[in-house]
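Order of writing sets the chain letters: A, B, C, D, E and F. Residues in each chain are counted from 1.
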Amino acid sequence: MFKRMDEILIEIPKVEKPDANAAAAIQELLGGKFGEMSTLNNYLYQSFNFRSKEKLKPFYDLVMSITAEELGHVELVSHAINHCLRGSTEYKKPDSTPLEAAKDARLSYHFLAGAQGAMPFDSMGNPWTGANVFNSGNLVEDLLHNFFLECGARTHKMKVYEMTDHPAARAVVGFLLVRGGVHVVAYAKALEIATGVNVTKLVPIPSLNNKSFTEAKKYEDKGVHTKLYTYSDKDFTSIGQIWKGTHPEDNQPLEVIEGTPKGYPIPEAPAVEEEFAPGISEEEFKEIAKRLKMAGNIKE
Amino acid sequence: MFKRMDEILIEIPKVEKPDANAAAAIQELLGGKFGEMSTLNNYLYQSFNFRSKEKLKPFYDLVMSITAEELGHVELVSHAINHCLRGSTEYKKPDSTPLEAAKDARLSYHFLAGAQGAMPFDSMGNPWTGANVFNSGNLVEDLLHNFFLECGARTHKMKVYEMTDHPAARAVVGFLLVRGGVHVVAYAKALEIATGVNVTKLVPIPSLNNKSFTEAKKYEDKGVHTKLYTYSDKDFTSIGQIWKGTHPEDNQPLEVIEGTPKGYPIPEAPAVEEEFAPGISEEEFKEIAKRLKMAGNIKE
Amino acid sequence: MFKRMDEILIEIPKVEKPDANAAAAIQELLGGKFGEMSTLNNYLYQSFNFRSKEKLKPFYDLVMSITAEELGHVELVSHAINHCLRGSTEYKKPDSTPLEAAKDARLSYHFLAGAQGAMPFDSMGNPWTGANVFNSGNLVEDLLHNFFLECGARTHKMKVYEMTDHPAARAVVGFLLVRGGVHVVAYAKALEIATGVNVTKLVPIPSLNNKSFTEAKKYEDKGVHTKLYTYSDKDFTSIGQIWKGTHPEDNQPLEVIEGTPKGYPIPEAPAVEEEFAPGISEEEFKEIAKRLKMAGNIKE
Amino acid sequence: MFKRMDEILIEIPKVEKPDANAAAAIQELLGGKFGEMSTLNNYLYQSFNFRSKEKLKPFYDLVMSITAEELGHVELVSHAINHCLRGSTEYKKPDSTPLEAAKDARLSYHFLAGAQGAMPFDSMGNPWTGANVFNSGNLVEDLLHNFFLECGARTHKMKVYEMTDHPAARAVVGFLLVRGGVHVVAYAKALEIATGVNVTKLVPIPSLNNKSFTEAKKYEDKGVHTKLYTYSDKDFTSIGQIWKGTHPEDNQPLEVIEGTPKGYPIPEAPAVEEEFAPGISEEEFKEIAKRLKMAGNIKE
Amino acid sequence: MFKRMDEILIEIPKVEKPDANAAAAIQELLGGKFGEMSTLNNYLYQSFNFRSKEKLKPFYDLVMSITAEELGHVELVSHAINHCLRGSTEYKKPDSTPLEAAKDARLSYHFLAGAQGAMPFDSMGNPWTGANVFNSGNLVEDLLHNFFLECGARTHKMKVYEMTDHPAARAVVGFLLVRGGVHVVAYAKALEIATGVNVTKLVPIPSLNNKSFTEAKKYEDKGVHTKLYTYSDKDFTSIGQIWKGTHPEDNQPLEVIEGTPKGYPIPEAPAVEEEFAPGISEEEFKEIAKRLKMAGNIKE
Amino acid sequence: MFKRMDEILIEIPKVEKPDANAAAAIQELLGGKFGEMSTLNNYLYQSFNFRSKEKLKPFYDLVMSITAEELGHVELVSHAINHCLRGSTEYKKPDSTPLEAAKDARLSYHFLAGAQGAMPFDSMGNPWTGANVFNSGNLVEDLLHNFFLECGARTHKMKVYEMTDHPAARAVVGFLLVRGGVHVVAYAKALEIATGVNVTKLVPIPSLNNKSFTEAKKYEDKGVHTKLYTYSDKDFTSIGQIWKGTHPEDNQPLEVIEGTPKGYPIPEAPAVEEEFAPGISEEEFKEIAKRLKMAGNIKE
């Protein structure tokens, strides 16, 4: 079971700089094979199917809790996409071709299927698919997979960072480089404990350090890369048996924090009349407001 | 952002009655076009991309909070599948063909890709896909979609209920018929408020009542169909402006409950040695236990 | 533009002999790569995109008219599937597991997504896809494709014929072997006229004659294999410039017939209450009947 | 069974204004999830699998006849795409790179797979798939689906209209907004009769009226939005029991017309030599013309 | 560039024991995400795109040469499938339903699309896809991927081994467990050299040794697990800089062999008349034989 | 079984002229329905499943040997793509957005999933799929398919040639037009021998001769279109019973050559630091070089 908060993980800069192709690129980090939908669903299904969890509780707790963090990542990347799309078009009457600017955008779905919002698709518009989920049930194999998956996810983030300097994109990708880096190390540590082999020494893959990315370094300077959260009110505390010792890159001591990091308000997304979103006129708003305030059933 | 609990929504009966084809059928309710992955992700993305949420807060809160409940449904259906698979095979040495019983099962992925666990696939093994997500951004259109989607999801549940009497399947599907029914009514009420048209009078579709299904009636007798939860510690309370009045089928008064329903422990899933899951020998367990207890880094 | 008749191409024997796996096999002839959806859509799109149709009118007319016949084939195969499914289950209360018999059927979608009816899927439940359409725009290449496609379609029909002796399946597949055979010859003749090469001598591929299939021979004995219809009230008559001479297999003279062949009534499909189809109770029927008879709007 | 006419539904303006990306956008209306291939095939399969059609004849007739109209829509949209593509390239010798202009077009398939013609793909080149067909068999659920589908299809048309002012695109999309609008209302009326709930009051979704689109208003001014055709020589006349009363938006009286609307000639599509379409030289034309005129078999 | 030999890697036992569902299971090892098509194409594309191969020659040579071995694995698995299918049906006239036995087989494509032969599909009939190829270009990341891929491939082989005791399946899967195991170790050694981290200590994953599978042990007893071939007449010899030292499981010394292992004749596959394969009558054989012996062109 | 050489089929001009969209177009010739992956895998699987090969040895040998040539074509096209991508970006620090130039490229996977290298995808980024493989088992039908497939493949090459004049693209596509043309004729000749019908007279399709393409003519002037190689050290020599007589287009005598054509060195691909490929620093190179030179195991 999960609970939700009306918050996201960071404050996204409010710069209006419409860049539909940057938004398309970031979709790879959402619905691509190595996107947040993939990390989320891999851990979600591994957590459902975990065997011998009593004996292997810290591993179970690790997968359970990271799943919850990934939900927040899916959310955050989606908001980054939305920020890059913001202002792509402006309202004109239909005959004045208000969506003309979108005709040559690489990812037409943003404008035709949706109303300039994130979708579970990759940078070419191919939908995320359950075929991206791996769950052998073998503890070592699943951990090895997760370690590889996080390295691949990190590489994709590095490339998207290098592809656009849109402030919203940079802020979100920089943050996720750090948090994805935490998951790389967490699965490496888990593999180490499961096998006795010093897998953390492989980190980072690629060998370029997060600190080379200003928007990531900003967070590492604050120690964000050393903290793992339980993402729960009271469960999953045994992750401290895995997340311990020091960070392999800068030897900072690692720390488990119960609960979630502090969240930030989710910014209002303005109406886009030329996309009919939300498509409620002032008069309709008033009628709706009345019905919302009525007690009991609206219609009998 | 989301938090997780180490609990599921109901207690699943612990009957060992392996039925791989029942498990395959239930996969439709997980990864099918009308499965829980679809309801979850539709609301997840609609919540990310919601426009004018300030003016339309109760609608926003509705979509935000139901998303969190759907995560628990994805989890619960997965456990139902796992229960149906339990005992499908038993350990023998590899040369003794321990997985032979699985060779004729309809859904080979349960045995080859996974270790007899749920996957984001439908009943024919086709992976869930992001193409199942609809989000026009138009409030009325999205609500209409959600209402239709929930009716379709309910129909699929009714059919799976009729296809297998496996106790775990029946318990979970019966419960989800009721909770899915709540979502049908919730989106109907939302549509009513958004448009003034009495959409709730269409309920139920199909017209056969949940009370015709003993395992669903059990929950309706307790009023489970009248409660909508905020699934949050403190947010999303405005859903009461939509979830109000009475239930269209039995006129019971509707009620909003802050937080989540009471959860139940997630049962231990035993090792399946013939699937190498988790694939840890007694000796390896001991070594792992030692490493878990060590302080600091495992390897230097 | 197209018109529709409330008729199908042959009378399907009314034998109730439920065979879900035979129905699944026939789906290959509907939604498979070489199914009727493929022949239909290949010719449909080729007809839309036909270039220089004035100079090449008989070729254009050929593709235009065969498209219309293919619509009737899609319809006929669908009814064959429906006949094979008929009686697969019988009504019992939900708790009595009325769909249990369907749990082990190869193609679960027939029972879960649909109500025991045909779908645009192949024999493994993979959906028909537009990727099956070929249209290079080059006349000779498109005709060569169509000739190959029809040979492949014929082979699949031969195999399905050999896979089930369900009377409805046999009747439909036997008839379609003959009509598909007509299209094989028609495209071979067209290729001959376009190139001067005697492609009809390749016929039949595979070399086993339709007359070896009793249910096909029945129609060839009546000369059904020698007739090509314009499938139009007044257009497409120039196909006689291609469909001329004799049949390459038995030297019967070929004949063009303006209009369509005689049709047959489409049989009533009974309600399947355990699938909620159509899901209208006697009382509801009465209410509906009243509203159907009312003049003007139903609701104001 | 179906018959075909050598006509399309409107006259498309003959303006040569090559715009490959406009053509790509319109593909969404052809092969997208909410494109004409989807409406066509949904109704086609629902008509095949319709249960209790005797008791529910007007509903059956509605689905049967609209299917035939959809075939004409698939055809019309395809011709709009072809018009937008016309003139994209011009003939030069292969070494002179005649297709260079197409290298940067969004949808490469138009130039590589086809010869600048419509294909059953969406705006990103993803093929139409049978997974887009819904047919529960439950009358109310299928009607609800169709109502939702048509609303979604209408929204997509509104957006494409706003994305390009290509005269061919505007003419076709404007017309289809009106005819699609007819289907929205038709399914709303059908739902009303089936349930007694005033679903037509939800229309239009989105709430922006067709009359706001000049190329649609043009047809509404002529009453095109009030007419439903049987699309048959003699069948499906009972649709008048559903299509009755007045239009929910402007209260014009509704009218059923037996047969089809008046059609228009399908314009000649010129050869595109640099695409080898149709790829017939003058000399070859002469040879072909001779063979077309010959009596009997071409080759013995 | 590649050369081919008319040989396969082992002698497959000639036992006729038709088992279509065993054949279906083995398809996972051919066209599944972890099948031989995946290992083949991953290394094929990595070899095409390898950067800085001069400095990294032994790694380049490793990927180049293993690709060639994988082609032989694709071939070998295909023959195993063919052996399991052999005898599934027997010839009868079409009216006698000779393919009836195949109607309930899990994988209908074996009988409808093909003539009882292997296909690039997985155990559920889902086609192999290029989406299974990973090639980041980063040496360490690609090696880590390959190591993980081979572990996953090995796990699938272990499960298929346990699923069927068909002699052909066992012989081929046993052999491939050993050769796949060689690739696991080879990529582990390569990772070790690239990073200095002792990845070979993770081997084997799952921890059950190949020697527990009699048909694999048979080959390990002969040292097949210690040999890596260059699969080339004269290239790729630098793999000895990686494939050196001892095997991590039994400490046997490793050995590089230039060229390929000894091959075995590919057995004749008999005609299957009821599948029209090859569909050549005795009389036709004679005509063909004559034409094969003619000098010059067959037709002028 | 196969062997590999460290060579490719032609020398590719070393012109640096980055053109990402040309690279995207060429992907159609690699991973498209009519790309080299399709010809390769069609023949690969047909060779595995060939029935009655003793009686039909020259046909078997033809398919076996052409498969090996196709592997070289897959390789060559991949290198053409790599050459077109070369220089697309240049190194800058991550914060300086070194991949910005790639943001608007049509095929984002080249930059995000890979490191500017070829992938088994088509020109729209849709992955190659096993559904492109046809193998009925019927000799004549498979040959007809292959003849059609090669005509389609040739048409796609003609179009890509016309789409870009990038020297690497032209050189490779020109060469492959000739070699693909050889396969067109080879399958036409095989069909002729199998059936006695003069299929070679259909050649070329489209009727524009390869000699109209300067980069293809160059090879035909040297007789490259008249030679078929056994692609084997000692097998497949019976192809001379099919590849005999003269070429249908220019009447040059045909010739079988045992073995492969002369190959050319595969050029070094430079590091792309901004893509982390291969991602090895100078210092790391030195450490790796040391470990490569060490005897025995790297780690104990």
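Following the convention adopted for this analysis, a residue touches a chain if its C-beta (ideal position, glycine included) is under 8 Å from a C-beta of that chain, and two chains touch if they have at least 3 such contacts.
In UniProt terms, the chains line up like this: A, B, C, D, E, F = Manganese catalase.
Remember, it's a predicted structure, so these values are computed and weren't measured experimentally.
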Partner chains shared by chain A (Manganese catalase) and chain E (Manganese catalase) (touch criterion as defined above): B, F
Interchain contact steps from chain A (Manganese catalase) to chain F (Manganese catalase) (minimum; 1 if touching): 1
Chain pair equivalent in interface to B-C, over half of contacts matched, among A-F, E-F or A-E: A-F
Same or different contact residues where chain F (Manganese catalase) meets its copy chain E (Manganese catalase), judged by the half mark: same
Rounded Å distance, chain B (Manganese catalase) centre to chain F (Manganese catalase) centre (Cα mean): 47
Computed distance of Cα centres, chain E (Manganese catalase) from chain C (Manganese catalase), in Å: 39
Mean-CA-position distance for chain F (Manganese catalase) and chain C (Manganese catalase) (Å): 38
Overlap residues in chain F (Manganese catalase), where contacts from two or more other chains coincide: 33, 106, 113, 124, 126, 131, 136, 138, 140-141, 155, 196-198, 201, 206-207, 275-276, 279-280
Overall pattern in which the protein chains touch one another (line/ring/star/complete/other): other
All chain pairs that touch each other: A-B, A-D, A-E, A-F, B-C, B-D, B-E, C-D, C-E, C-F, D-F, E-F
Chain C (Manganese catalase) residues touching chain D (Manganese catalase) - in the complex, by the definition given at the top: 1-9, 31, 37, 41, 44-45, 48-56, 58, 64-65, 67-68, 71-72, 74-75, 78-79, 82, 113-121, 127-131, 133, 135-141, 189, 192-194, 196-198, 200-201, 231-233, 235-236, 241-242, 244-246, 259-260, 263, 266, 268-272, 275-280, 285, 287-288, 291-293, 295-300
Residues on chain A (Manganese catalase) engaged by chain D (Manganese catalase) in the complex (per definition of touch): 93-95, 97-100, 102-104, 106-109, 111-113, 124-126, 274-276, 279, 281, 284
List of chain E (Manganese catalase) residues in touch with chain A (Manganese catalase) within their complex: 33, 131, 134, 136, 138, 140-141, 144-145, 147-148, 151-152, 155, 191, 195-199, 201-202, 205-207
Chain C (Manganese catalase) - residues contacting chain E (Manganese catalase), complex: 21-22, 24-25, 28, 32-33, 106, 123-124, 126, 155-156, 158-165, 206-208, 212-214
